[in-house]
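In the two complexes below, chain A is the common chain; its partner is chain B in one and chain C in the other.
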Partner chain A sequence: MKSYLGKRIVTAVLCVFLALLFNFIIIHAAPGNPIRILAGTDSVNEEMIAELTQKYGLDQPAYIQFFRYVGNLFKGDMGVSIYTGQPVADEIISKLGPTLLLCLTSSIIALILGTLLGIFCARHVGSALDSFLGSISYLFDSTPSFWLGLMLILVFASTLHLFPTAGMFNVRQNAEGFARVVDVLYHLVLPSTALSLTLIPYYFRIARTSVIQVGNEDFITTLRGAGMREDRIYRKYVFRNAILPVVTVFGIQLAYIVSGSAIVEIVFSWPGMGSYMMTAISRRDYPTLMGIYLVISISVAVMMIVVDVVYTYLDPRISRSEGK
Partner chain B sequence: MKKNFEKFKQALYGNTQFKVGLVMLAILLFIALFAGVLSPYDPYKLSEDLLVSPSSSHPLGTDNLGRDLLSMLFYGAKVSLLVGTISALIAAVIGTLLGGVAGFFGGKVDMIFGGFINIFMMMPTFFLILIVVALFGSGMLKVMIVIGLTSWVGNAKLMRAQALSIKERTYIKSAESIGESKLKILFRHIIPNGIFPIIANTTMGVASAILTESSLAFLGLGDPNIISWGQIIQNGKSYLLTGWWICVFAGLAIIYTVITFYLLGDGINRILSPKLRSR
Partner chain C sequence: MAILSLRDVSVTYRSSGKEVHAINNISLDVEENESLGIVGESGSGKTTLIMAVLRLLNTKTTDVTGEALLKGEDIFQMTPERLSEIRWTEMAIVFQKALNALSPVHTVGRFIGDIYRVHKPEATKEEIRSVVEETFELVNLPKRIFKLYPHELSGGMLQRVSIAMSLILDPSLLIMDEATTALDVVTQNQILEEIKRLEEQKGITRIMITHDMSVVASSCKKVAVLYAGSLMESGPTEKVLVEPIHPYTQGLVESFPTFKTDTHEPLKSIPGSLPDLANLPAGCVFAPRCPKASDICFNSKPEMKDYPGNRKAACFFAGGSNNE
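Moving on, here comes the complex of A and B:
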């Protein structure tokens, strides 16, 4: 187990490093000079450009820039945004909160609803509801999340006026304390609905398949043959075994959700990483882009390791065979 | 190989998902191929009928520039199919080669190739695509290549597993013993015999490539010179209230196409794994 974990960590570190390098190369090979964008279009003189270029270290050879960047990372410094002049780390932290709020809410809703529906269908395979939910899951799986978001806005915000169309809180009201929490939750309803609706099919399908599979195993048949009540078999034996893949998928999905939620954030003008990323792209804010990408690849890498560890912990069969 | 394929074909015809998908694909291909004939208007032609709601002269209405939406959707089908298929094929070729080499050669080669596959698996690819397309420009060809280059990991994993199991079979051993070269075995025996899961996965890959392309276009990062469904939605989102039909119908077109490929891929998958077949 230990050596296995070590191997995973090495892979993860390598992955983050490579992701960073990839990203660096792409950004530096790209046409377009951020300094020119920063300097604006009117009254640009070459002196100013040279000065700014030097200030941001862009006059150095690329590999020196890269190693300087990585070196600074170890000191906890992710550079400053070329556009706003603020430290990238601070900006990212301020955007991370809204993104995590949106992502976690949607993932947990999707996990619970999807799994419950999946379990229900697995116990009633072939019923009308089972095939109906099966088709619906296909449908939502094929629906682009941004379109779903737009449709929710069209129906529930623009037409029925039940929910706000955009943002995370009412700027004019500027509520404090409990009222603010309610306000944020109120704004959270539509984006998290859009996001969880696209996630539910995964959980639904995994849970359904997994429960069916475990339900057909020999030891379950034996229990049935011994006369144990069906409810008890499911509650005590089937679910416990069937929940493993669901947990894995939850972890993997959490790892990727920050990038998955980006587009929903943009549709709802949710002030998180996704909107931040799009702004950084349009401004060619290189340090910010590098920083966002770094945070995302680290979170993916860490989640993958966590999933592995949790999985081995939940399923003793795996740790035993790894321990050999 | 040939016998396998015949059996495979037989099974396909008995699978409902696959059959439904096939019919849906036929309709789609028909529309894409004959977009020029079927379209009531030139989709690029601006007119003075701005934001006309669906009516007999414009079955799906017009957009804010007076273009006929139905014609735009017909032309968009071409783009979606092209981008989806080519990206998925690029991913299939890369994945098959990398996975095949890793699994078949094993040892140190597997350590390097397999390691690379594992590392790439953890890359947040959508952001990578976003950055590349945003910074390098967004011609359709570029979009296809970038999506293809970033979505091969699933194929590589499948092919590696296939190669690992196939190389232990007797006929591979005997081919080795009569002195066939390694590369020949890889291309003649391992890849053709292990390709079925890749076919299923690539079919699904078309669906996800179409989704990725439409997301890019929706973010304003698509090819500005061609009509694509994502771009129609991006353009229509400012007219959500005054011209709901723009976004609604373009989205339905995307969903229809993605479902088509999911059904086909899922159908092939079910046939390949007998465990799933009964369900």
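Moving on, here comes the complex of A and C:
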């Protein structure tokens, strides 16, 4: 197990480094220059631009910029945003919380609801409700999340006035303590609904297929033939076996948690990583972008390892053959 | 007294408007301590027949008619509670694919122990463990496999585990569905010998489903030949396999290789293939492939008739009249 984990970590570090390199190349190959964007289009002062370009090291050859960036990373310095002048690390940390809150809530809701619905349909295959939920799942699967978000705002915020239209808390109230928590949760309802609705179909279909598949296995027939009660068979054997693909999907989805919600965040003006990244892209804010991408690739790498480790506990076929 | 009596058992699969007649009016007696081999080519309905007897077919897509008397009690009329009671305590099954007969994420001991617990809910962990380990010893398995997972065992061991699993509650009727087909001949022989020994020791009656004539010849007292869901011939093994009276059995026996032959004649095969079970011929199901078929065979169905030596056959030309 230890050597396996060690190998996985080395591979992950390598992957993160490669991702960093490719991100750097792509960002620098893209048209647009952060200093020009910063300077605007009216009365451009060429002297100032030259000075700023030098200040941010953009006058150096690309490979020197890259090594300088990596060198600074090892010192724990992610650089300073060209646009805001704030340290990138501080900004990312302040944006990470809201994103994790939104994405974790939505993912967990989607995991639970989707899986439960999938299990229900698997046990009532061919029923009217099964076909109905099946069609609904395709409907939400093919609905773009921004449209869903806009519709939710239109119906529940603008027309019914049940929920706020945007943001993470009421800026005017500026509540403290428990009231603050309630306020954030209140603002969380619509965006997490939009995000969950687009995620539920995945869990629904995987859980349904998986439960049906396991339900047809010989060992389930054996248990049935041995007189075990149906609910016990499902509880102890079908679900235990059917959960494996669901865990995989949950892990993969969590890996993209930091970047996956960008569109919903923008629609609901949620102050998270997604909208932060979009702004940084339009400003060609190199240090900010590199920082965001670094966090994303680290989270993907870490989640993949976590999923694999969890898997070794859930599926003895993996732990025993690769463990030791 | 017959331990299992089938009276006029028919099984029809319904799928997308079509009716597939998998088993047609089979009547058969299995006498106590007289192991029965049911032979027939793939698709002849062997597995369907026993799955019907075990009531493990999907009731939504299959119709089962007739009677299956287990010690005089009709299995098809049993309440679900009664059915659960007799399952595994009166009749147990060993499946073809031993690896699939066990849950891949549970240890062998836990799985078998759970089956034991279904019928002995008051048993303690220690009791269960000792019963399971005793049963392992019966089939020459080491005790240590109690804690192993199915993928850690060899094919032969898995088949032994399946057999141990079927014996855990001392059933009086043991059904083996191609239980040794996947094994090499050496292991197959060992296991067959063990089974025969256990049968005598514990007074178990066995039904052996197979397409391997040598397995039947070496381990069953009686044999029943199935073709396209209908019974062709039945009787004592040494008679039926040596001097078959039904043209189908004759073809089946001739198409099987033997070591004793000193001629270099190629093996014969039966020309043609199984009829479409959704569209069975009006007369004898074997008539289209039968070398002896005449008009009567295509127009009316031959009944199972008694022949000397405790044999039965369903053919107008069986017995004396076919020796032209």
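In this section, the second predicted complex is superposed on the first by the 305 of 324 C-alpha atoms of A that agree within 3 Å, B and C clash if a C-alpha of one lies under 4 Å from a C-alpha of the other, contacts with A are read in each partner's own complex, and residues count from 1 in each chain.
Convention: contacts are C-beta pairs under 8 Å (C-beta built on N, C-alpha and C of every residue); 3 or more make two chains touch, one makes a residue touch a chain.
Predicted model only: the values in this text are computed from it and were never measured.
Contact with chain C, but none with chain B, is seen for A:Tyr237 once the two complexes are overlaid on the shared chain. Of the two partner chains placed by superposition, only chain B is touched by A:Pro144; chain C is not.
Shared-chain residue A:Val13: touches no atom of chain B or chain C.
Looking at the shared chain after the overlay, A:Ala50 reaches neither chain B nor chain C.
The wider contact with chain A, measured as residues touched, comes from B rather than the other of chain B and chain C. Those residues of chain B that touch chain A in the shared complex are 115, 118-119, 122-124, 126-128, 130-132, 134-137, 207, 211, 214-215, 218-219, 230, 233, 237, 240-241, 244, 247-248, 251, 254-255, 258-259, 262-263, 275, 279.
Against chain B, the residues of chain A that register as touching in their complex are 11-12, 14-15, 18-19, 22-23, 26-27, 30-32, 125, 138-139, 141-144, 146-147, 150-151, 153-154, 158, 212-213, 256, 258-260, 262-263, 266-267, 277-278, 281-282, 284, 289, 292-293, 296-297, 300-301, 304. Against chain A, in their complex, chain C makes its touches with residues 54, 56, 60, 83-89, 92-93, 95, 97, 100-106, 111, 114-115, 118-119, 149, 151-152, 165.
For chain A in complex with chain C, the residues that touch the partner chain are 126, 217-219, 221-229, 236-237, 240-241, 244, 314-317, 320-321.
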